[in-house]
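Structures are listed in the sections that come next.
Look for chain A in each of the two complexes below; its partner is chain B in the first and chain C in the second.
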Partner chain A sequence: MSVLDLPRLWRPETHQALFRRILDVAARPGQIADLSDLLDGRPAALAALATFCDNTQTLADLTGGLSASDLAFLDVGTAPVETAGFILASGAGAPAFAPRLGSLDAPEGGATIVVLVDNLTDGSTLTLTGPGIAGRTAVSPSGFAPGWLDARARWCADFPMGVDLVLADPTRVAVLPRTTRIKGA
Partner chain B sequence: MHPVDTMGQNRDGAEYGFAFLDEDAKRELRRSIFKAVCIPGHQVAYASREMPIARGFGTGGMQLTLALLGPDDTCKVIDQGADDSVNAANIRNFFALTCPGVTGTLRTEGASVIQTRHRIPELKLRADQILVFQVPYPDPLVVVEPNAAKRRRMHGRADYARLWVKLYEDMVAFDEITISHRYPTRINGHYIIDPSPIPRFDVPKLHQADCLYLFGAGREKRIYAVPPHTDAVPITFNDVAFAVESFRDKTTGKRHVCRRCGADDSFLDEFLDNDGARVFQCSDAAYCDMRLERLEAAK
Partner chain C sequence: MRPERESWAAALAAADGGKVAALADRIRDRATVEPLAPPREGLMLMQARDSVAGAAFHLGEIPMARVHLRLTAPEGGADGGAALMSDDLALVTRLAVLDAALGADLPEAPEIEVLIAEGLAARAEVQAQRALALDRTRVDFQLLSEEDQ
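Right after this comes the complex of A and B.
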């Protein structure tokens, strides 16, 4: 049986391991998944996209940071940010776009936004409550502009519609599902 | 063959990739699971794949488990609490055949992924465990609204008036809510789910749990989730308390205990022994065995 020498990030067993760690923190907002042992130096944001994207999905890369080779491996369609299922964006500035929010009948159509932040643990503290959290917890991303919280609050105002955020620093991810209530510092 | 299919190393030369499903199918399942966790209680539609067993025999649960499993997992499969019934044993054998490296177990505490048909184990599940339910009927509104598009709209609006009327009619006709299993349960104050045919006894375990609950309906092509530490409230009226099975003897008022291990806190199966006498026994076989072992060790 032949085994192709795929870079580690694109191997099925890596996607399975990535998925379990991302699922774990999606079910527990505020917890941080360290993906560094699976990345071979590649960014955690790319790993999150690799876990979920394929040629049935659409991606809008607002950072311009994905290489042609990454896009080829992701094998994902590109789309305007208003219609993309997945969005890769920088957390440094407030978002100036309108993502898909899903519909009342199919709220899962709301976009998954992977937000690049500098560091998940050395910024100002956000207090989180909601499903997946026993009482309250906190996450402290740096490089995550306050404008993001305002935009997210707007997008997620009409539950069940909304967006789900995956915050990614170079090696780690945290998930803020649409149900999480956030109090800024 | 898609190159990724060659990654799994198969026993007996069987031509399966790891975890049977192709990577595209697993990725679609994973996307659906992710959205289901982000929208607790919402039924996410997915492309339920053909499995080598008929729909209605646990294919939804199997697909979830296959999308989750990695070679370092330990997997347990139960059917009405027992590991050794035909459905559970065959699904476990299938995982052993198609997921090399995954360890099978009968012990609840030793499993990282547990697939279940119609029970939640007696032992409290931990944060590092995932319980996967096989779901026959995912939509609690199907008894009051035949049109699927209308049901989706009702769910989105959290419009459950007709479900309440159904419960009220039960009260009028029988003086109690007569739903014994598949008890409609409200998740995080919005969606009402069918928690699969678990007995009422298990419904409170969904509320503010430590573990993640995933529900897969293969025939009906729906995935939904109850994340940990999420409100899961069986719907009832202010003046009608939700009650679980009590297992009290009608004449003596005492709770029946398991005839094997003596447990007085477990869900009991009632049946007739060879002499025609009514007997009670733990439905959760692993729990019963664990108690027996401890009793033996204490001797």
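Right after this comes the complex of A and C.
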């Protein structure tokens, strides 16, 4: 008897492929990773969380969209949004929470926020500059409230403390690390 | 009388491995098994507590495997699980299948109970041998003190 057959999203080889693609776009802010061939119909945000989370991490789901089964497969602890290492939030409205920002001697303690947006390419253009970007580039998310940019500016004001954003539409992700400078449309 | 559920996996792990595998595979062949969480295997830190100050410390790393699944057969189904100090994920999967089958009282339940009884007897024998070996190392410090005088 073999061990159990897992759904594709939860197999180690899928996580390895997801990790490589997300790492690539995290190193090149503004680029978009298409994950559709790995998702089997599940949302890209869940795939990103499956890549980031394990039983040593904490997650706050502000969307209520993760099922009990999803949480069991993520094998992640849940925590209040103020202390969670990872946050799943909707981009439709401005954030009304205070995420973990890390500290000067441990800036890696800042939260990673996976933001659900409608589409990464048909919204208002955001101009990006900073490390990992040759000159300037752009990303155009729709369903991403302007209040997110204001909140991110506040959270990342005291670099190296801050948060990293992962924008996810149904099948793709883009990463906005705290080092990226953003100018809204 | 059926023993407590938390002792099933340890007892089955001590029973005849061939019989355990054959029975679990027979049940799985006629049932649907779906994972409820990713099976895990790897090393984990074993925490112990010293008997003087009561302070916690890490005794060392141990191999650990864990499976959580749902078994559905024509007669019924149940969730099952097993966690064992082992790196044999196939064995732990079989123990989880038997745990679910006994929890659901499938027709194979009496066979599983026989294996659990065998495993409990084997564990009791090992524990008795260990207790005997430990007893031989017992030292009466009061008597040693009297001999010194």
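Just so it is clear, the second predicted complex is superposed on the first by the 183 of 185 C-alpha atoms of A that agree within 3 Å, B and C clash if a C-alpha of one lies under 4 Å from a C-alpha of the other, contacts with A are read in each partner's own complex, and residues count from 1 in each chain.
Going forward, contacts are C-beta pairs under 8 Å (C-beta built on N, C-alpha and C of every residue); 3 or more make two chains touch, one makes a residue touch a chain.
What you are looking at is a predicted structure, and each value in this text was computed from that prediction instead of being measured.
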Which of chain B and chain C A:28 touches, first, second, both or neither: first
Partner with the higher number of touched chain A residues, chain C or chain B: B
First, second, both or neither for A:122, with chain B first and chain C second: neither
Partner chain(s) touched by A:72 [first = chain B, second = chain C, both, neither]: second
Touching partner for A:6 - first (chain B), second (chain C), both, neither: both
Which superposed partner A:178 touches (first chain B, second chain C, both, neither): first
Partner chain(s) touched by A:40 [first = chain B, second = chain C, both, neither]: neither
Which superposed partner A:105 touches (first chain B, second chain C, both, neither): first
Partner chain in contact with A:158 - chain B first, chain C second, else both or neither: neither
First, second, both or neither for A:56, with chain B first and chain C second: first
Chain C-contacting residues of chain A that also contact chain B: 1-4, 6
Complex contact set, residues of chain B against chain A: 3-4, 6-9, 17-19, 23-24, 26-28, 30-40, 42, 44-45, 67-71, 127, 149, 152-153, 156-157, 188, 190-191, 208, 212, 225, 227-231
Partner chain A, residues of chain C touching it in the complex: 21, 24-25, 28, 33-40, 67-69, 89-90, 93-94
Chain A - residues contacting chain C, complex: 1-6, 10, 69, 72-73, 75
Contacting residues of chain A [partner chain B, same complex]: 1-4, 6, 11-13, 15-17, 19-20, 22-23, 26-28, 51-54, 56-57, 103-108, 112, 130-134, 159-160, 164, 175, 177-179
